[in-house]
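Each chain gets a letter, A, B, C and D, in the order it is written, and its residues are counted from 1.
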Amino acid sequence: MKRKVYYYDTDCGGVVYYGNYLKFFEEGRTDFMEKTGCAIPDLEKANCFIMVHHQEVWYKHPAKYGQELDIETYAVEITPFRIVFEAFVKYQDTLLVQGITDVVCVNKEGKLSSWPQDVIKAIPISERKIKIRRF
Amino acid sequence: MKRKVYYYDTDCGGVVYYGNYLKFFEEGRTDFMEKTGCAIPDLEKANCFIMVHHQEVWYKHPAKYGQELDIETYAVEITPFRIVFEAFVKYQDTLLVQGITDVVCVNKEGKLSSWPQDVIKAIPISERKIKIRRF
Amino acid sequence: MKRKVYYYDTDCGGVVYYGNYLKFFEEGRTDFMEKTGCAIPDLEKANCFIMVHHQEVWYKHPAKYGQELDIETYAVEITPFRIVFEAFVKYQDTLLVQGITDVVCVNKEGKLSSWPQDVIKAIPISERKIKIRRF
Amino acid sequence: MKRKVYYYDTDCGGVVYYGNYLKFFEEGRTDFMEKTGCAIPDLEKANCFIMVHHQEVWYKHPAKYGQELDIETYAVEITPFRIVFEAFVKYQDTLLVQGITDVVCVNKEGKLSSWPQDVIKAIPISERKIKIRRF
């Protein structure tokens, strides 16, 4: 999906604030889920709320005000309790930032529950692209 | 109250983002209400939620990264349904931004209700300082 | 323009945070200026930076997660030093929030300057719709 | 350092938005650096700007509106080009969220440079506490 960078995304370093890429990742996931036919607002009506469990982000180049970014989102792993997304923020084919987001499903009371079977079936799984640097 | 300016408050114009002063106003109100003995989390337990109805902001000078600001908050009017706050954001005695926030009380279902009598009694009313420029 | 509401726009009151409508107003202005042929990034190259001088907001109904909002933006007044925008945030034809934003032009050093003549000429002026309640 | 949770930190899930913990980490780092005698605004005057290169976050329990959190920040590794911080967000001794932030030093033009010797000398190094789960 396309996402323009606004003033409110940036900081006085002249680039997008490092914490705001997690908002871009949310936008990408929301769009991805909608396209699979599992729109998040519908999941919530079925008492299934997405909660992020783990997040990793690599910052390669900063995004800047006025740029129109591409946010690419892929599901790379799905188990009864976990979906792992990879996201890539690009500007004109240059990779700026990438992230791995590990999400679980909780009910209205915040209790962990398994992903509904139809969600598991609907989500296409892509090959993992991010090679994790262990330090 | 004192409030330091962080990177996340600023934008690529090099100053605090214009929308973020409303967060500073929230912090000021929260502090003000706590000091009157009507802490907002306690009001919520009594099914009384603050909702902003109207907001006006005058930007005189921009706040910058690293500054320690003073946020001054006063209640200048209270009626059964409405509290009007004035807020002043200052840096070293220079007024940077001022705002008027008009809040109402809603219950859990979002329905308008009157402010509890003990809240009305507890809140000290100050003289209105902001002379509203009508244009 | 259309704008979907994300989790990051909302707060624990279950609705969009009152300060975040100013981000929606920024998006609306950005889109409006681009359509007039005066895209903000281009203005900045010509040493003309938009700075908000005054903001007023009326909150009528809250926007909620997952809604696709309409943000309508109009310029209602323009003078050598000032442009006044009106913005309307709607959901399915219901007006939720409206605002008036008064912006000036500053140069890189933050000094007030007049709007370039071609900007003044390019911007279409609409009739003022918001009747200002004076209290 | 202490940090109260405001409405603007939370989302309609009723808890702090997952991206906002990165703001808490920034606050913690800012406080940490100031206490070592290397306040970030001073570093910037010496043409040394902190840029986050890598971030990892583990979400264990959500923080909620009105809570007063503890943000603990430690430097656990320092090399000529890199400082690694660990941060722990706690509420009443319960660990809610932890993160590892890997920062580098860039100059005004955004070019990577080495950390000033006096910064390297001033920063106390703590033992690494977070055991990284590799998945």
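Keep this in mind: a contact is a pair of C-beta atoms (placed from the backbone, for glycine too) under 8 Å apart; a residue touches a chain by one contact, two chains touch by 3 or more.
Keep in mind the model is a prediction, meaning the values are calculated, not measured.
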Handout entry: A-D or C-D, whichever has more C-beta pairs in contact
Key = A-D
Handout entry: Greatest separation from subunit C - chain, by CA centre
Key = D
Handout entry: Centre distance in Å when subunit A and subunit C are each reduced to the mean of their C-alpha atoms
Key = 28
Exercise for the section: Mind checking the centre-to-centre distance between subunit A and subunit D? Centres are C-alpha means, answer in whole Å. Expected result: 22
Completion exercise
Per the C-alpha centroid definition, the whole-Å distance linking subunit C and subunit D comes out as 34
Practice task
Specify, in ascending order, the residues of subunit D that touch 2 or more different other chains.
Solution key: 7-8, 13, 19, 23, 26, 65
Exercise for the section: Please give the residue numbers of subunit C that touch subunit B in the complex, ascending. Expected result: 13, 18-20, 22-23, 26, 49, 51-59, 62, 102, 110, 132, 134-135
Fill in the blank from the handout: subunit B residues touching subunit A in their complex are 7-8, 10-15, 17, 19, 64-65
Handout entry: Interfacial residue positions of subunit C with respect to subunit A in the complex
Key = 4, 6-8, 23, 26-27, 30, 39-41, 65-66
